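The data blocks that follow each hold one structure.
Next come two complexes built around subunit A: one with subunit B, the other with subunit C.
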Partner chain A sequence: MVSIFLSHAFRRSLPLLPRSDPAMPAPQCATCHKARAALRRPRSGRALCGACFCAAFEAEVLHTVVAGRLLPSGAVVAVGASGGKDSTVLAHVLQVLAPRLGISLRLVAVDEGIGGYRDAALAAVRRQAARWELPLTVVAYADLFGGWTMDAVARSTAGSGRSRACCTFCGVLRRRALEEGARLVGATHIVTGHNADDMAETVLMNFLRGDAARLARGGGLGSPGEGGALPRCRPLQLASQKEVVLYAHFRRLDYFSEECVYAPEAFRGHARHLLKLLEAARPSAVLDLVHSAERLALAPAARPPAPGACSRCGALASRALCQACALLDGLNRGRPRLAIGKGRRGLDEAGPPRDGEPERAPAPDAVPAF
Partner chain B sequence: MCQVGEDYAEPASEEPPPRQPGREQKCVKCKEGLPVVVIRAGDAFCRDCFKAFYIHKFRAVLGKNRLIFPGEKVLLAWSGGPSSSSMVWQVLEGLSRESAKRLRFVPGIVCIDEGAACGLSPEARAKALAEMKLILQTVGFPWHVVALEEVFDLPPSVLRCFAQEPVGTEGAYKAAVDSFLQQQHVLGAEGAGDSPSLAQGEEQLSWPCTQDPQNPQSPDRPPTAAQTEALSRLFDSVKTLTAKEELLQALRTHLILHVARTHGYSKVMTGDSCTRLAIKLMTSLALGRGAFLAWDTGFSDERHGDVVVVRPMREHTLKEVAFYNHLFAVPSVFTPALDTKAPEKASIHRLMEAFMLRLQDQFPSTVSTVYRTSEKLVKAPRDGCAAGPPGPRCLLCMCALDIDTADSATAFGAQTPLHLSQTQPPTPPPTAPCCSAGMGRVQGCCGGARPCEREDPRARVIEQLCYGCRVNMKDLGLHRAADPGVPG
Partner chain C sequence: MAAPLSVEVEFGGGAELLFDGVKKHQVTLPGQEEPWDIRNLLVWIKKNLLKERPELFIQGDSVRPGILVLINDADWELLGELDYQLQDQDSILFISTLHGSRIGAGSTW
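Take a look at the complex of A and B:
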């Protein structure tokens, strides 16, 4: 979720109106008509001052949550906090709205074990937790998944000229880790900071990769929580990335803005590049894509089967093993790509993880050498 | 890596020994001929096998879907480009085969002259027209050349959705084919009994070969200069290339449908190839038409009710089409289109095309992956939407409206163009009769927006459009039609 577009150049391209230009006085804020307008909203082109924009942003998130009945009163909400702009804004907005919604918040941060990146991000999360006075829980891959940090996974899947598919592993394992962390703190709902740009990239990516199952599942505002999994939602889903950055700017939020070390390898990069081009040609492209994604109609055969429970860990699963267990199985057996790809041959072969595997993970606190 | 489900083979030990470059390869199908073209990911075909493969694909698509009944009149939409020329050629060849394998419908060709919209000079248009007529006369089907300016003369009924004819069941198709064959047999027996009789039998339900004197749409009546002027002003008033292309497509479709209805054609065939459809699918996604992908890119498109649009070339990639046309000398005419020589970032269509073709270089299965995903789309509202009576249809594209009610969670985020249209300040209307002339047809349909009505006619039009068309409308200079004094 950490975007690569937070470089200085991007900040300069934000639609902030110039501070003082004697030739052209800045317009009045269209809402309060008192303050000088500080920006023009990318979506509607209205000129607003900072305070009114933040108020409008919060009102829209509130509308999304209320109209979609996402977070009922009394919910204990685990916020997936990565230290990046999206989860920072999400946590801040939910804190502002918490009294009105009647919810209580807990921060859950996931430590994937990516050296040189995650430690700095976690420092930012700790600062935020201290400032907001919200309880913070950190769950680490190394603890949950038998010592498999992302760096270890990357080493295990490297080689043979093929891509490392790090993001495949990380995404699945992170969702599992988030679920575990949420249970630890006794949460009833999980929220993540996905914004409209993320949803648009996802639908583009799923079409380009031919992932009909994900297309059928996706769209909509989150999952209601089947089979014992906690309900998840994305309150920022209809806010475009630019507006999230603007909100963070006007509220002076402190967040961590570097991209993950493995991000350049991800296929999502292509979708992101395409999205930026589309946005330049037509500013409403992001919302148009979200609209399209919500209304895709796929054949019943393309949808994934009704979920059951994983035979190993009991979590939600479409097959005998949930994806996380399947991936870990592959890693532990020294065949990391076992669960990636069609058919997943060999998955159902009997065999507990053998000791003494050459690819076995190192000690959890080993620092990877790059 | 990109394709989900892509099979990663076991490590290198199981890889087949690499093919020696430079050594003589044989055609993968017949194992004898010298290959001339490589299809898909490394299948080399010789000339004859390629021809058989190509023709087989065309017939298989038609046969699999069983939508075209024997003796039906089918209009072929020919733009002069390679894909539609190839389609016309396939139909021509298919009709001239031996009786068992012969195609059994009655074709006609329509060609739309879009020169005015693309800004061509009258001389260039005349030249292109002459080339086209040459080819049309060689092909020999009844042909209709229609200038895009005639869209101004379309009656408002063109935007009304006709009642949908019920789709024939399997049994109905088989019964139709059987009765047709019997008919043929009877006609053949009445003749001399050898091959000329088949030709005679064909002529019983065929067309006169030269259509010129009987063709009411004869292009000897060129569009008037005023109409050309009006059309080019309409297109100039559109701000973005994306909206221009969408407008052109909408006008072209309506014109073709009108020609089909006037002359009794019940099917229209368009030459969209696999590559073009994959690009079209991604473009429609980006334009907000996710609800209608199955209609936009599927084999058949029945949203217009009485006339069904069919895409028989949808399994042929552009590469195959190009090679076929080159190897077997299929004639085609190049006419500049709206986006010829436009920079890559000029419109969503261009962007998507460039992106897909670039990605195809890197991941050779991109186009086929997107195409296969498009086959899994169905023509139905998404689960959870009311499965009640069919709702209102979009004025321009004839699809069921996909706008949520105002109190749904997503209505706020994804439907702001509606708010935007209402907050734009009205601009003074310059004299632009073309906009109103073009839109006047539309306004005439939307329940009679009388000139004397004080209500904003533009808002009335907009609320009858689907999401994608609303976003396009923003780019059209429609605020000029907001003046109630403009005649509807």
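Take a look at the complex of A and C:
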């Protein structure tokens, strides 16, 4: 039984290099043999210079897209652009590959209405759109969801003495907003910048929450677009977060890197922390988790039923109401936690209580709501 | 005996927020008995530059996992990590990979 040592001394799986000697420079690039190597790729162990690394990174994304048949020729691709490092790298790489793939790109940015944070991020997206000369469409929660900005949602879900639920709302509503934006620009496909670390965190989260439905759907390279939704994929999903950051550095890409003001309270932070500790002990853990999820088969009893359509808006839904409609319903009724947590009563469209029947208070959530 | 060194220390990817938002710092490290390496540079940074929440930058005698270190544009892994001995005019860049808009990634699949 191997215990995981968390101290730095045991963190490296590669042997520590000898005490550095000024006369021993970094190795030569294994591809061009001309420039000094700037990094070592974790999987192959090859030392590459910045330019050759960027070329390899782009080639791998191209392979991910082509091998998975993610973006056919002629596709109009809506790029979810947040101004952050992942969507910035995604848009840049797809721009480089667009001629080869025969696709055209549209940037779609979502304004969740988070004061201070989102304005700065959108400014970064606008700069990028100008530099890349790509059309940019901004869709705002306030317009799409009856005036509900994330700041308003956060106020509505705060003060119940538990961890914030607003990130749950944002995740659902953002996906809906991106879909709307993509339709507005006539897109045939949606791409987002999720990297391997994100996917691994999501796998952990789904296990920790016992979310069999999501685990069952997990692992594919994209959502094929059931129920009329636009097909979505994540061309960077096999790229490690570290390499995304290094690519952005070597290509001198300008991105926005502050943390969302609400994020510290999201459950994902715990999964991320755990993943970083695991990665220190076993660097391949990130990609291994993603591959495990791809190969997961659920016991028959655990498999979710085939989804139907939301009775209100027609979107894909596993119950009477889709998540977005259920969450907004809860907000509008002044019971924001209606559709969150175990049971998720709000998803089964219940009308107002009939006369003579006292409305039951929702059962206390067995798991922390988030 | 190490002579004083002039190096550029840079922070990016959100790490600059721990340093009053200042990304580039021209630093003169004083002459001292032991040679300057990344290990004691980190101690110096913690003492002289870090403005808040040291646990977000430093863990033990190294950087927190998720913070990349580039020395003269090369990953410190290639150069001996903490043991790399600093030279005059070196440029050390610390990039945080830990921040970002991850909101919305949870409900995808």
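Basically, the second predicted complex is superposed on the first by the 317 of 370 C-alpha atoms of A that agree within 3 Å, B and C clash if a C-alpha of one lies under 4 Å from a C-alpha of the other, contacts with A are read in each partner's own complex, and residues count from 1 in each chain.
The definition used in the following text is that a contact is a pair of C-beta atoms (placed from the backbone, for glycine too) under 8 Å apart; a residue touches a chain by one contact, two chains touch by 3 or more.
If you're wondering where the values come from, they're calculated on a predicted model, not measured in any experiment.
Trainee: Consider subunit A as the common anchor and indicate whether subunit B and subunit C clash or fit when overlaid.
Mentor: Here the two partners, once superposed via subunit A, fit next to each other without clashing.
Trainee: In the superposed arrangement, does A:67 touch subunit B (first), subunit C (second), both or neither?
Mentor: first
Trainee: Kindly classify A:337 by the partners it touches after superposition: subunit B alone (first), subunit C alone (second), both, or neither?
Mentor: first
Trainee: Just subunit B (first), just subunit C (second), both, or neither: which does A:126 touch?
Mentor: neither
Trainee: A:251 contacts which: subunit B (first), subunit C (second), both, neither?
Mentor: A:251 contacts neither subunit B nor subunit C.
Trainee: Touch check for A:165: first (subunit B), second (subunit C), both, or neither?
Mentor: first
Trainee: Applying the touch criterion given at the start, work out whether A:196 contacts subunit B, subunit C, both or neither, answering first, second, both or neither.
Mentor: The first partner, subunit B, only.
Trainee: May I ask you to decide whether A:280 touches subunit B, subunit C, both, or neither, giving the answer as first, second, both or neither?
Mentor: Both partners.
Trainee: After superposition on the shared chain, which partner residues are touched by A:312: those of subunit B (first), subunit C (second), both, or neither?
Mentor: Touch status of A:312: no partner.
Trainee: Once the two complexes are aligned on their shared chain, state how close subunit B comes to subunit C by Cα atoms, in whole Å.
Mentor: Checking C-alpha atoms only, subunit B sits 12 Å from subunit C at its nearest point.
Trainee: On subunit A, which stretch or stretches are contacted by subunit B in one complex as well as by subunit C in the other?
Mentor: 214, 219, 267, 277, 280
Trainee: Subunit B touches which residues of subunit A in the complex?
Mentor: Residues 43-46, 60, 63-64, 67-68, 160, 162-163, 165, 196, 203-204, 207-212, 214-215, 219, 221, 237-239, 267, 270, 274, 277-278, 280-282, 284-285, 287-299, 301-302, 337, 340-343.
Trainee: For a test of understanding, state which residues of subunit B touch subunit A in their complex under the given definition.
Mentor: Those residues of subunit B that touch subunit A are 1-8, 11-12, 240, 242, 281-282, 284-291, 293-294, 345-348, 351-352, 355, 359, 366, 369-370, 372-373, 376-382, 402, 407-417, 419-420, 423, 467-468, 471.
Trainee: Where on subunit C does subunit A make contact in their complex?
Mentor: On the subunit C side, the touching residues are 12-14, 17, 37, 59-62, 65-66, 68, 70, 73-75, 77-85, 87, 93, 95-109.
Trainee: What residues of subunit A sit close enough to touch subunit C in their complex?
Mentor: Going through subunit A, the ones touching subunit C are 7-8, 11-12, 14, 16-20, 22, 26-27, 36-40, 47, 50, 82-86, 112, 121, 167-168, 170-172, 174-175, 192, 194, 198, 201-202, 205, 214, 217-220, 223, 232, 241-242, 244-246, 249, 256-260, 262-263, 266-268, 272, 276-277, 279-280, 323.
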